[in-house]
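Below, chain A partners chain B and then partners chain C, in two separate complexes.
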Partner chain A sequence: MTAGAKSEEGPGGVLGWVENRLHLAPFIGALLHVRIPANAKTFYLGGITLFLFGIQVVTGTLLALYYSPTPEAAYESVLSITSDVQFGWLIRSVHHWAANLMLLFLVLHLLRIFVQAAYKYPREITWIVGGGLLLITIGFGFTGYLLPWDQRAYWATVVGTEIAGDVPVIGSSLLLLLRGGAEVSEATLARFFGIHVLVLPLLLGGLVALHLLFVHQQGLANPSRAEARPGRVTAPQPPDKLKPFFPDYILDEVIAWYAVLAGLVILASLFPAGLEPKADPLVTPEHIKPEWYFLAVYQLLKLVPETVGVVAPVALVMIIVLLPLLDRNEEIRPRRRPIALGLALVLLVAMAVLTYFGGRV
Partner chain B sequence: MTSLRAIRPFLAPGLLALASLFMTSIATAGAPADDSRSGSWALTVAQATPTPEVPLESAPPLPTPIAHPGDASSTGCVDCHSKVDNRQAAIADEWRASVHAKEGVGCADCHGGDPTSDEITVGMAEAGGFQGVPGRDETVALCGSCHANADRMRPYQVATDQYSKYYSSVHGQRLLIARDERVAICSDCHGAHGVKPASDPTADVYPLNVPALCASCHADAAKMQPYGIPTDQYDVYKLSIHGTQLLEEQDLRAPTCASCHGSHAAKPPRSDEVVAVCGQCHTATQALYEESAHARLEGVGPKCWTCHGTHDVSEPDERLFLHEGGVPDYLCATCHSATDQSLRLEMDRFEQESDRRCDTCHHERSLIYSQVEAIAGAIGGARDAYDTALHRIDDAAALGMIVTDADVAAQEARTELIKARAAVHTTKLTTISALTDAALAKSAAAQDLANAKLAESDFRREAMVIVIALISLNVLVLVWLRRRLHATS
Partner chain C sequence: MARIEDSGGTATPQLQVGTPGAGGLGRRRFVRYLLGFSIVSSLAMIVTPIVGFLIPTRTASGTEGGRVLAGTLDALPVGSGAVVAVGAKPAVVVNTTAGIKAYSAICTHLGCIVAWDGPANTIVCPCHDGRFNPTTGAVVSGPPPAPLTPLTTAVEGNDIYIVTG
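Then we have the complex of A and B:
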C-alpha cells in the first residue's frame, strides 16, 4: 500500500486496520459531529458528573482489588489500603471525594435543567431517566458508606436502615431486605458490597447510556426558545444559531474536567478520607450523623412524626422524578414561571436550613 | 461469782464510761479513726453519749415473727385504710409497689392483728395480736425477726447477717447502749412500707442514690449537732473522683459511702483498716503498697489517706510528690509524738490537699528526699515524653492522617506510665525507673510513628503542588488550542 493510497482510504496504522474491518467512522462521526445551540449554557455539569462517575469506576475497581467484604476483615483491609498500599490513601480519598462531588454536580445539573425548563417537551423521558440516575447515585452513597465498617459507617447504616423500616406498609420488609436479617451484620455488608460494585454500576451505566442517547437524539435545548410542538401553528422564527459539538464544546468540557480533577487532588491531599474505630455493635456513639446529603432528612425526622419524616422525602423525590408529567406549563422562561421557581427556592432554602441544623449536633 | 453479783449494778454505767474512752470513731463518716482527735471531739460531743469503737454489746435476741391469721392476699387492712385519708392511701400504694407485697409480706406481718377481717374491732384488736406502729427501738428487731432468719430468707437468697451487722455499727451501738433513737434504723434507709431491693434504681438504697440517702442525715447540721461531727462529707465527696464517677458518669463501679463504711455495719474504717478497705477495689495498688517501706512501718506508717485524703480523693498526679515553691516549714510534731518522738502521723496535718506531699514528712536534707526527687523526675520525664508523643499524634490526625499504629504505641506507653505511677506505692526507685524507661521507649516509638505521618503529609502536599502545576499546564495548552480553534473558525 502506498502513501498516496493511505490518504485516500482514511487513517493508516492501527486505526486504519480497525476501520477497514469495522467501518466505525460514520458512527463516530454521527456521535461527534453534531451541532448545538450557540447560546446553550450547560455549565458542563452533566459532563462533569459523567467524568466523576468514570473516576469512581477506576478508583472503585482499584479499591476492590484490596477490599475484603466481611466484618472480620473489612476494616483492616480499608486500614491497609489507607496505610500500607502504595498510593492507596490517594485512591481511597479520591473515591471518597468524587462520590460527594458526583452527587453535588448531579444536583447542580438537575437544577440547571429545572431553571432552563429543559425537562419540558420533548425531553420528559430524558429527565425521568436522569431522576433514576439521581436515585442510583444516592444508592451508591448509602451502600458505599457502610463498606469501611468503622463506627460511623456501622451506626449510620443502623439508623439509615431503621428509617427505611419506617416506610408505611412495606417498611418491615424493606428493613429485612436491606439488612438481610434483624441486625446490621455480615449479611448486610455482603449485600451492600454486591449492590455497590455490581448492581448499581450496571444500572447506572445502562441508564447513562440511555440518557446520552436521548440527549444525542434530541440535541441540547435552547434556553431562550421552547421547542415547536407538532400540529401547533407558531409564528416563523429565525433558525437557531449553532456551533459544533466537536471539537468546540468537547474542548471546553475537558477543561472543566481538568478543573474538577484539580479540585479532587486538592481535596484528597488536604482532607484525606479518615477512618474511625472499628464497628462495634455494643458501643453506640454519642452522636450518629449521616453523610451531608442525608442531613436534611435526618433533621426532619427529629422535628416531625416518623411516618411524615419518611414519607415526605420519598414523596418529594417522586415529585422531582415525575416533574415533567406534573408540570404542564409550556413556558420555559424563568421569569414567566414564578410558582415553579418560587417553590424550588423554598425547597432549597428549607433543605439548606435542615442540613445546617442537622450538621450542628 | 459473788463478787460478780456485787458489781452487776455498776456494770452498765461502767461500760458506758469505758465506751467514752473508746470514743474515737463515732460517726466520723469516712475519716479514718484518728486517736489524736478523741480528746477534742469528746468535748464537742458532750450532748450525746459516746459510742464505742469496738461493739460493747452484741445484738439482742431475735423476737419470733408475728403470727396472724390470713396472708398478704387478705386485704382487710388495705380495704379500709386506703379510704381513711390521703396519707393512708399513699401508704397502701407504697406497699403495693414494694418487694414485700410482691413476696407476700402483708400489713399484719409487721403490725399484727387479723387481716382477714373488715371489722376494726376484730382486725385491730390488741387481744387478737394487733401491735400497731412499732417503736424505733422495736423496728430493728421486727425486721430482724424475718431477715435474720435463714430458713425464711432462703427462697430469696438474701443475706441474713444484717441484724448482727447493724448492732455492730455506730448506729446500732448507739441505739443499743445509749438508747439513742435518733440514729438510723432499717426504715430510715429502706422505707417502712415501700421497701424496694437495692437493685431497683428507684430505691433510695440503689448505689447511685446512696450518697444522697446518707447525706439526708449526715449533711444535716441540726441532726449532726449533738454528735459534733462534720456535715460537709457529701459536698466534698461529690467533687471527688469517686463522687464524679458515681454521680455524674453513673459508673456503678465507683464507691458509694457504703463501699468504705459498710451499710448495715456502718462505721468509719480505722486507720489500720484503710489499706484493706481501699484495696477492695484498688487491689493491684494495695499489693504494691504492701511491698513498700511505708507498709513496713505498719500501724504508724502513712496509709492511703495520708496522700490521697478521704472523702476528697482526687485524681493523683505528680503534684503529690513535692510542695510547689519550696519546702514546707518542718515541724517535728508533723510525724513524731511530742512525748516520746515515736512516729505518729496526725490526720489534721494532712487535712489540706496541698499538705499531702512526700516532703511534708521527708526533710529536704534527707536521703529519702533525694529519692523522692529522683522518682518525681523519672515519672515526670515519662509523662512529658508521653504528652509530646500525644501532641505529635494529634498534629498528624489534624492533618487527616490515619494514626492507628501511633495510637497503639501511645496506648502501650500509657500502660507503662500507669504501671510506673502505680509502682510509686512501692517507694522503690529501681522498680519505678525500670517502668518509666519502658514508658519512655514506647513514647519514643509512638512519636516516631507520628513524625513519619507528618512527613508523609508534607510529601502529599508537595506532590499535590506538582500535580496541580501539571494540570494547569494541560489546561493552558487546551485554552491555547481553543483560542486557535476560534481564530481559525
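Then we have the complex of A and C:
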C-alpha cells in the first residue's frame, strides 16, 4: 500500500482496524464537525455541568465500593472511607464539592439560557428536558445527603420528608413513599441509596443524552438574532458568522474543565467533607440546617404557613420548567424583555435574601 | 520560534528549526510531545487516587490488638475443643493434656474452616479430610501443606482468652 493510498483510506493501526469494521467515521464526523455561531457565548456552563456529572459518576462508583447502606454500618463505613482508605477523604470530598458545584453551574447555565432567550422557538423542548435535569439534580442532593447517616443527614431528611408530607392532597402518601415507613429508618436509607445510585443516574443519563441530541440537532442559539419561523416573511439578513465546534470550541471547553477540576481539588483539600456524630433518632441537635440550596425554602417555611411554604416553591419550579410555554414573547434581546428579566431579578434577590437569613444561626 | 539567521548576507537560505533536514526538534513535534505529556500527566493525576482508593486497607479485614474471650474451662474440659470467632476470623481452641492450645481455624490447604473431632482426638478439615495434631498443630494426615497457625492463649481463673495483635 502506498502512503498516498493509505491517507485516502483513513487512519492506520488500531484506529484503522476498528474503522474498517465499524465505519464509525461518518457518525463521529457528524457529531463533531458542526459549526456554531461565532458570537455564541455559552461561558461553557452546560459543558462544565456535564463534566461535573462525569466526576460524580466516577467518585460515586468508587464510594459505593466501600459504603454500606444500613443504619448499623453506614456511618462507620463513611468514617472508614474518610480516615482509613487511601485517598478516601479526597474522593469523598470531591464527590461532596462536585455535587454542590454541579447544581451551581446548572443554575448558572439556566440563567444564561434565560437571559439569552435561548429557550424560545425552536428550543422549547430542550429547555423542558433541562428542567427535568434540574429536578433530578436536586433529587440527587436530597437522597445523597442522608447516606452518611450522621446527625445532620438524619435530621435534615426528617425535616425534608416532613415538608414533602405537607404537599396538599398527596402529602401523606408522598411522605410514606419517601420514607418507606412512618419514620426515617433503615427502609428510608435503603430507598434513598437505591434511588441515588440507580434510579437517578439512569434517568439523568437518559435525559442528558436527549438534551445533547436536541442541542446537536438545533445547533447553538445566536444570541443576537431570533430564529426565523416557518411561514413568516422576514427581511433578508446576512448569514451568521460561524466557527467550527471541533476543535475550536471543544478546546476552550476542555480548558474550562481543567480549571474546574483544579478548583474542585483545591476546595476538597481546603474544606474536606465533614462528618457529625452518628445519627440518633432520639436526639435532635440544635440549629439543624439543610444544604445551601434548600435554605431559601427552609427560611420561607419559618415565615409563612406550611402549605404556602410548600406550594410556592413547587409552583415556582413548575413555572421555570414550563417557561417556554408560558412566555410567548418572541423578542430575544434582553433590553426588550424588561418584564421577564425584571421578574427573574426580583426572584433571584428574594431567594438570595431568604438564603442569607436561612443560613444565619 | 528560533531560527538560524543568515549572517553573511550571502544567498544561504534561512533554516527554520524543525524544517526537515535541519536536525532540530520540529515545532509541530514539540507541541505534540507537550500535548502528550499533558495528557499522560493528567491521566496519572486522576488514576493515582482512584487506584490508591481501590487498594484495600490492611486493617480492613483484620482484628485490632487485644484479648478475646474464647470460652471457659467449665465449657471446655480436657479432651474437648471448639471453634470460636476472634474478631472476624475463626479460631479453634482445644483443651489438651498439654494445656489450652489455640490455632487459626483456617485450613492451610484451601481455606476451609477446621473442626474438633473428639473421638479421633484430632483437628479435622471437613473439605479434604486433612487432620492436625491438637497439641502442636502439625499435619497428621491428608493434603494440608503446612501446620495450623498457632495463636497465643491466656487462662485467667475459669476464662480462656486468645491474645491478638
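Note that the second predicted complex is superposed on the first by the 355 of 361 C-alpha atoms of A that agree within 3 Å, B and C clash if a C-alpha of one lies under 4 Å from a C-alpha of the other, contacts with A are read in each partner's own complex, and residues count from 1 in each chain.
Heads up, the rule we're going with is that a contact is a pair of C-beta atoms (placed from the backbone, for glycine too) under 8 Å apart; a residue touches a chain by one contact, two chains touch by 3 or more.
Note that the coordinates shown come from a computational prediction; the quantities given were computed from them, not determined experimentally.
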Superposed partners chain B and chain C on chain A - clash or fit: fit
Chain B versus chain C as contact partner of A:L202, first or second or both or neither: neither
Larger contact residue set on chain A - chain B or chain C: B
Which of chain B and chain C A:L343 touches, first, second, both or neither: neither
Touched partner set for A:L303, first chain B, second chain C, both or neither: neither
Partner chain(s) touched by A:L176 [first = chain B, second = chain C, both, neither]: neither
First (chain B), second (chain C), both or neither touched by A:L32: neither
Once both complexes are placed on the shared chain, angle at chain A toward chain B and chain C, C-alpha, multiple of 10 degrees: 70
Which superposed partner A:D84 touches (first chain B, second chain C, both, neither): second
Touching partner for A:V58 - first (chain B), second (chain C), both, neither: second
Smallest distance from any CA atom of chain C to any CA atom of chain B, in Å, after fitting: 5
Residues of chain A contacting chain B in one complex and chain C in the other: 90, 258
Complex interface listing, chain C residues touching chain A: 42, 48-50, 52-55, 57, 59-60
Touch list for chain A against partner chain C, complex: 58, 62, 65, 80, 84-88, 90-91, 258
Sites on chain A touched by chain B in the complex: 79, 82-83, 89-90, 247-248, 251-252, 254-255, 258-259, 261-262, 265-266, 269-272, 274-275
Chain A partner contacts - residues on chain B that touch it in the complex: 400-402, 404-405, 460-461, 463-464, 467-468, 471-472, 474-475, 478-479, 481-482, 485-486, 489
